[in-house]
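Encoded as structure tokens, here's the structure I'll be asking about.
Chains here go by letter, A, B and C, matching the order in which they are written, and residues are numbered from 1 within each.
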């Protein structure tokens, strides 16, 4: 790990330096855990008590808190993003000591860009084109005809199936699968016939796909994840979906086939979205919610049950089966009283 | 990819040819995207406008729409299944150029059928029997004593653990795991003791298992997936379950231990089914539903919350904690009015 | 598989032997399936009919049922845990016939303990320390700086990323991922900036992690799974969570970032828990429940919708959007009647 002075960080990150620019920072930690050689950060006013008590060597902090803090500070407009960039400097992605590992299996006609690394056990099939500067971890599978842009990072055990397209700077986490078959079945007489899935998955630039997430290839047309979209772990994206640019999707979400999610959306963890829907730009779906209709207006949408002690739940939940008759009974009472009046 | 004339397709698929049988079809696309050298299909009457506007070289269409369509047609009773078969002809599963790849690790006593292909990095353990015509992708693991039927297709990174049985023509997608341990724990004093899981997984013929789906082995008896059942991605089937023949299960479903699902069922995405239940034949469970009781009558079952704008949800959801008292208040009003009457 | 007499089992397991101690037991089965050479077990009184009808060669049974059973018995205080131990004797984890397989890729400076086995295709990176007696299956990935305790069992395809710590006797199932990046994003102007995840995952002793489960590394501090915790398949644990000792979590559960779950908890399958919560010791969350608030009192908590025939659901669910107005109408009626009285 490189150690940097606060002044060196400021050169790279911008912002206003206050205090001792020569303080050496070798790593980062939370406000509570940080010690003298460590960088930490203050997101906003509500963290002031922890910030003042912190033993951190220096803090990235919002300019607006300049008057409230002392010590070594890098004052910036956007402390979270700036701290993220500082972490990338303090903790550069480790470079393995192999380039193309002899234990990798490469098709003779695979076209591997300059400066790429490919780990042991990885398989690169025929017709693959990999842009310059990609790092492909061990045990990855790059199927026939796949194209990767520049500077992608594939962790161990990523699998991309035939003909899929990945843009520049993709980060693909372990065990994710790009381009598995969609769930296409046609019923015939007394059994299912498999519908071959002949579309592709197309990932834009700056896309991140989490561990063990699966993205199915399109049935006929493509499944598309647009630029800058970020998907967490264990998500399932079915065939022919389109996820808009800069949309962030938290873990365990399921999205059924042909649904289109707009740009700048945030989908909470474990939300489930049925197929053939349109969700417009700038929609937030709360964690655990179930989306069964188009959403045409930006905003926050929710459909979860509140948690209760189990005995309370037993008493209450039974009535959910009778809401319709309950409503009718209220209407009858209202009518009765009105008639009397 | 092979190109076929419409007449050649008709010879293989049946149906009635209309228009120019010599039109050459090299690929397939949706009605909207298809061009002159491409095949498309019409599912039913509601797609007639798109079908008439389509530039496709030929259409697979239902006989019942013969009078409504012109151009090059293959008229059939069942356009979806016929189109699926056409796709299989136009897009044959690519055959890798290796047979048993030298980078595969095979136990000396493994019994590999004629015409099998096994990819680089795959491991086949002792006592394995693989039927003829199987294609086993790269990076697969076939544990000790596993038996595979004929003509199975295992994509990259499939793992089948010791002693499990797979029927003929199985299609196993990347990252799926057949025969992981069930979650068997016995509580003893102050900690859990692992209950060794000594049953197997038995998959019937024509079973398809999706990407990153996991099927646990039985505790003592077996976990069984019957002939023709189709499972999508990211499904979890716990120990000792039985899934009936030709049942289709969409992505992200969880099925807890010892539950038995009948034949010809359809389980919607992200449905969750608790353990030790019986679900009879021909049941449809809606996406996102939670099944906590036996289902003894065929039909469609649902248990999801409707989505609302978050502010509406906050107002409404609080009352779910008080449905019981709400019901009592209605009863009290009814009594009061009845007493007065 | 070893065959053992009932007397030999008693020496190793304790308890009181009744009947013929020389009966040879080669395997185990359920009460219904067991034959003369097989061991079975009786959990309690309600299984007496099956126990009496069983053809098993011997039964592990609770002392309290001594008077109700005949035949060959091992009478113990805790039949489930004792049977679990008997299974471990009858079905010892098979030892592969390789030690360090020549098809494994080991960094020169990796420190591998005595008696370890490492399977083909596995990759052990620089700086790794593996305790004695570990069995690492094929196709595993052990990242730079990872430390494993003694006697761990890693099934095929386990991936542990850089610097994570695993205690003694861990059992890690196929496809699980320890130490993938947390979902850390900072919004900047018009796009997301990745927040590098520099914490670790720390697993205690006797931890079990299910197939395709993912546990994200901490953002700055660590994600911690304490001693004896057991996690089933397809679980997602986000960054900075802490799971208390001897807590058991069933399949398909999602736990969002920085949530702390106490000791001795049981989390039902497919439960979803949002981030930054505290759940105290000895809490049970029912399967399928959604936890969005701290839980400070031990007990059972639930939040699921009851399943209904779809037509009933359609009638009832609509009213969930109007619970607030429904409640107001009841209040109005109550007031009206009170005013009249």
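Note that in this section a contact is a pair of C-beta atoms (placed from the backbone, for glycine too) under 8 Å apart; a residue touches a chain by one contact, two chains touch by 3 or more.
Everything numeric in this text was worked out from a predicted model, so none of it was measured.
Undergrad: At the interface of subunit B with subunit C, does the proportion of residue numbers present on both copies reach over half, so same, or stay under half, so different?
TA: different
Undergrad: Write the angle of the rotation needed to overlay subunit A on subunit B, where the fit uses Cα atoms and the result is rounded to the nearest 5°.
TA: About 120 degrees of rotation relates the two copies.
Undergrad: Which whole number of Å gives the spacing of the CA centres of subunit B and subunit C?
TA: 25
Undergrad: Touching at least two other chains at once: which residues of subunit B meet that condition?
TA: 121, 139, 157, 175, 212, 234, 252, 304-306, 308, 317, 320, 322, 326, 330, 333, 337 - these are the residues of subunit B that touch more than one other chain.
Undergrad: Where on subunit A does subunit C make contact in their complex?
TA: Residues 27-30, 33, 78, 80-81, 83-85, 87-88, 90-91, 94, 96-97, 101, 103, 119-121, 137-139, 155-157, 171, 173-175, 206, 208, 210-212, 228, 230, 232-234, 246, 248, 250-252, 269-270, 287-288, 304-310, 313-314, 317-318, 320-324, 326-327, 330, 333-334, 337 of subunit A touch subunit C in their complex.
Undergrad: Which of the residues in subunit C come into contact with subunit A in the complex?
TA: Contact set of subunit C toward subunit A: 105, 121, 123, 125-126, 139, 141, 143-144, 157, 159, 161-162, 175, 177, 180-181, 183-188, 190-196, 198, 212, 214, 216, 220-221, 234, 236, 238, 252, 254, 256, 272, 274, 285-286, 289-293, 295, 299-306, 308, 312, 315-317, 319-320, 322, 326, 329-330, 333, 336-337.
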